[in-house]
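In the two complexes that follow, chain A is the common piece, with chain B as its partner first and chain C second.
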Partner chain A sequence: MKNLLAVAAALLAASTFAQEPIKIGVITDRVGVSKPYSEPCTEGTVFGAAEINRRGGVLGRKIELLIEDDQSRPDISAALARKLIDQGAVFILSMSLTPATQQQQTVTMEAKTPQMTPMNSGDTLTTQLPNPYFWQTGPLGSIQIATLLAHARAQNLKRVALISDNSDLGQLLARFFRAGLEKAGIQIAAEEVVPRGATTAEPQMQKIRAANPDAMFMAGVLTAENVLIFKAYRQFGLKFPIHSSYNLSVPVYMSVAKGLIDGVTFVDAYDPDKPEVKQFVAEYTKATGKAPFNMHGYGYDGIMMVAEAIRRAGSTDKEKIREAMQQTSYAGVMGAKGMKYRFPEGKRAGFDPDGMVVRVYEGDRQGRVVHVGQK
Partner chain B sequence: MQDFLELTVSAAASGCIYGLIALAYLLMIRPTGIINFAVGEWAMVGAFGGYLLLSKFEWPYPLGMAAVLVFMLVIGWLTERIAVRPLVERGAPLLAPILALLGMLVVFREAISVSFAPDPHPVPYALGIQRQSFFIIAVTSVVFIGVWLFFERTIAGKSFEAVAIHRRAAALMGINLSRVTALSFAAGAGAAGLAGLLVSPNVSAHYLMGVPLAIQGFTALVIGGVGRVEGALLGGLLLAFAEQLTVRYAPIPAGYAQGVPLLLLMLFLLLRPTGLLRAK
Partner chain C sequence: MSSLLRWLGAALLLAGAAFLLSDYHNDVYRKLLLWVTLALSYNFLFGICGQIAFSHFAFYGIGAYSVVIFLFQFHLPFPLAILLGIALCILFALAVAIPSARLEGFYLALATLALAQLFIVVLNEGGAVTGGPGGLANYKLPEFLGTRIRGPWYTAVIVLLLLGTLAVLWRLDRSWFGRACRAVRDNPEVAAAMGVDVARTKVTAFTLTSALAGIAGMVYAFVDNTVNPPIFGLDNAFLLLFMVIVGGAGRHAGAIIGAALLFLVPFVLSPLIGHHHVLVFGVLVVAAILLQPRGLVGLYDAIRRHP
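On to the complex of A and B.
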């Protein structure tokens, strides 16, 4: 009987994978500025696809990922989207920089091909183009600052400093931070920029020291430049608290800013105590031999939501996938405990505004959650 | 006053880094006329050498530093053999090796990019966070004094100068042009790699760190002039002081200060294209 069941299972599996696979396009960045974020996100997607296939695939068919590298360059990302569609991709996952993802939309909108970014945080991705085939599940920049400000509000801040770098995304986040702080009636006593490629942040931190703020907000996304800021902060023996964007949530700071980041709070979409996270970490570590972090979770959730939408659509018809995708209600790895990705009527940004958390560095380790949501 | 003193040390250290990169350019431009924009990538290779030897394998700092220096000399020599000499021997125009070296820039960056994880990699301080600036200044001073003495006091150094002044006449005097070219590339890579190693405890070793350093070093070179070794250091120091004093004291919005190096570059190219110091 046992042998019979094994043969039946093998035949079922064989018939599953004898069918044409479902092709999902992935546009990532393997050599450009987004590589540190795109690469782990893509690894999470690859792991997720392997898990889906291991459990029997989707609609009895295997998932096949077609991965392309756009180097975060908008000028080639649209051409790659076209190439993937021509190769039969029924869905495209975008994992490089926001401008590149935006450019891909010109193709997916025209070709009526579903597209989603599981990691981009630019607020305008779903508002600039009326593209019903595009979704965004990365937490918006505005949600990040609102969550961080909700945490800071409890500390009764009156005057703060704002520091960022001159990257596009750093400037965009600084704009969100500035608007949020002004809306909350908090005075920005000093605002500084550390340019890409700087060898020190001491002059900027001297100006901030002279302004004597209650706290400092960091909007920069360039790791090396952020580390320069921490070094100057420690060298000058400064004591005001630092609140940072999600950029501090990537684990590289634990090694490159060793001894510099104790007490820094940062906004994140990853709660290590969440049951889904614990299960994901255990399975990923077992399968790959290395522990994942939050960026892997974005990619994993992305492919899981796509697979779920195709399953609910019951076919690979793009229009049916679009309709199913819009009805998504999915609890994944990312987000605070109990959070579900959803696309309310007319919206295509699916990260719950109350789904982010604020965590604190304890020594060199990313520590506990100290705040949840925007309240 | 405290701010100014702190800034003086910080700007002097940054200026030394720019000066070393400018020196790398200068060592190659003087005898060959070739501008090698891959110096920034050489600095990156030096930084990654520091990460491997000092962070990963935890070698003692002096030994690791010496090993990186020797490795960079070999890299420079190999670059000349692979990308420059074949073109020069075939009588290619000067632009050909410059373009070939731009190709090498991509080769170096991609080689590091695929060999290491994309995140920045930590490199330890030689003498701790508070003393790193003084260490940079001390090492750079030793390098510049050594290079200056080499050119001013040794026959080999004079042969470099002779090639710089007139290649054909130098060849007729029996100076081995190929050897001078190879040595100039080796020394250039050594200076650039050292700059990368010295700055890496502050900025970490990162595969995209090369281009900004190449631009800053080139600006320092234009300011100081290609004629004299000390010009490279002077240019680097002036650039760093201009950058940092502007950020700290100029009443302009944050972010505008980053235009200062570009402004200086344009001013010098327009008003004094030979730089501050001219060849003797």
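On to the complex of A and C.
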């Protein structure tokens, strides 16, 4: 009897997996400017899809990822969205540059195909186009800055310095920082820019030292230039605290800025003490042999939310998936303890405004959480 | 008459192909046709007139942004928006070309590189007018006689743009002006001694090709109904230069082959060899520069001469 049941179960499983898989499109960047973020995010999605399939799939069907590389080129990205839709993708996960995701939206809106970015942080992605088929679960840029400033307010800062690089994103973040600091009544005593390709940041840091600020905010996103800033900071023996954008949450700094970053605080969406994170790290490490970091978590949460929405929709009908996606309430790897992704009142940006954390580098390691949310 | 028939046949063939393609292939085809159009006008400036300029893609962007801004921010009528967009491109081109006419080689390259970078800064910092880093979206091509041109019909419009651009450049290349451009490219001093106004020739070629790039940009603006800064960045400006070099600078066929090859490389090779397609791209560019400076068209000529 036992054997018969086992055979029946095996046959059932075989028939389940013999069904047509559910195709989910992924547009990532493997060679362009977004590669450092897109690749780990995609790895998280691939791991998530394998986990879902290992547990029996969705609606009794396997998930098949159709992965395309857009090189962070928006025009190519839109063409690839059409390709994925032509190939039968019922959902598209966008893990490339923000403008590329935006350009894909012009296609998904027309084709009424659900699309989500689990990692882009551009504030206008869900407001520029009235696309009911698009969602964003990456933390908005404005949330990141508000969280860091809330941490700054808690320290009662009066005069600060602001340093950035001349990249587009660096300048954009610097503008957000400036506006936030001014709104909070914190005086910007010195503002400096380290140009791309600089060989030293000493002149800029000398000026900041002369301004004698209570703290320094870093808005730059260029790794090499940020390392120069840390070098000059250590060389001059400066003691004021450094608060950085989410750029410092990318683990590359643990190896390229060894001995330079102890005590630097940075905004992140990843709390290593969260139970979901601990479980994710253990399972990912066991399956792949390497430890994940925050970007992997974005991709993992993304595919999990999509699978959950298809499960609740009970079919792969795109309209039903859209309706189910809008009802999402999901606690994932990313975000502060207890945070859930939600799309309230018809909104399509789902990261909780109080879901970000501020962490501190302990030695060369990304350490504990020192602040949560915007309060 | 036979020449007109040839142009008509080409138009029918190229436009007709769009009606046989899927949505995806139509999209790739549309963008390919636009790259070829741009490569043709850039080839005239760089390959035929010998001006190394990096502003061509910026003018593509000026055309795209201007038509969207005039139409949907200033609510101007469609024909007026197009005319003003072209006028704006000509104005910017003259503003760059007249002071640059005395610059040569790398100095012109640096001046136009500065313009291209400045354009991106303006787009990013342009607030509500340019949409900042997110660009402009949520607009559609206005209706014409109660109909909105879309799908393969819009591809047919791009085919007409390409053939129109090619026809203009073809005629110019075979005119006195085309010969003057080649003379200026090969030896400005000799050209001047032969009665060619070198500065005027350079300014005219720069302005004309920049205006053609602007018109192509206006057509691009309605391909995905969105414009954003990365599309018009320096990466694409360099890609355009490589297209002309790999294909064969100074030849219309070279621009067409180079643009088609380098644009399609990631689409064709990515499913086969993944992200290693960038290596193929690099090898193609280096091989063209080192082994075949006259590009793939030059290689074809050599094979034909010595079969």
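Here, the second predicted complex is superposed on the first by the 372 of 375 C-alpha atoms of A that agree within 3 Å, B and C clash if a C-alpha of one lies under 4 Å from a C-alpha of the other, contacts with A are read in each partner's own complex, and residues count from 1 in each chain.
To be clear about the criterion, contacts are C-beta pairs under 8 Å (C-beta built on N, C-alpha and C of every residue); 3 or more make two chains touch, one makes a residue touch a chain.
Predicted model, so just to flag it, every value in this text is computed and none were measured.
When both complexes are superposed on chain A, chain B and chain C clash. Applying the stated contact rule after C-alpha superposition, one finds that A:203 touches chain B and leaves chain C untouched. In the superposition on chain A, contact of A:342 is made with neither chain B nor chain C.
In the superposition on chain A, A:172 makes contact with chain C only, not with chain B.
When both complexes are overlaid on chain A, the residue A:193 reaches chain B alone and has no touch with chain C.
In the superposition on chain A, contact of A:31 is made with both chain B and chain C. Of the two partner chains placed around the shared chain by superposition, chain C is the only one that A:102 touches, whereas chain B remains out of contact. Residue contacts after overlaying the shared chain place A:235 against chain B, while chain C stays out of touching range. After superposition on chain A, the stretch of chain B that runs into chain C among 94-102, 130-138, 184-192 or 202-210 is 94-102. Overlap of the chain B and chain C interfaces on chain A: residues 31.
Remark: chain C residues 22-24, 27-28, 31, 120, 124, 131-135, 137-138, 223-226, 228-231, 235-236, 266-267, 270, 274-275, 278 touch chain A in the complex.
Of all the residues in chain A, the ones that touch chain B in their complex are 31, 33, 35-36, 39, 166, 191-193, 195-200, 202-204, 206-207, 210, 223-225, 227-228, 231, 234-236, 250, 252, 255-256, 258. Chain contact summary for the complex, chain A toward chain C: residues 30-31, 68-69, 71-76, 78-79, 82-83, 85-86, 97-100, 102-103, 105-107, 111, 122, 124-125, 128-130, 168-169, 171-172.
Across the complex, chain B meets chain A through its residues 3, 6-7, 10, 13-14, 17, 110, 113, 118-122, 129-130, 199, 202-204, 206, 208-209, 211-213, 215-216, 240, 244-245, 247-248, 254-255, 257-258.
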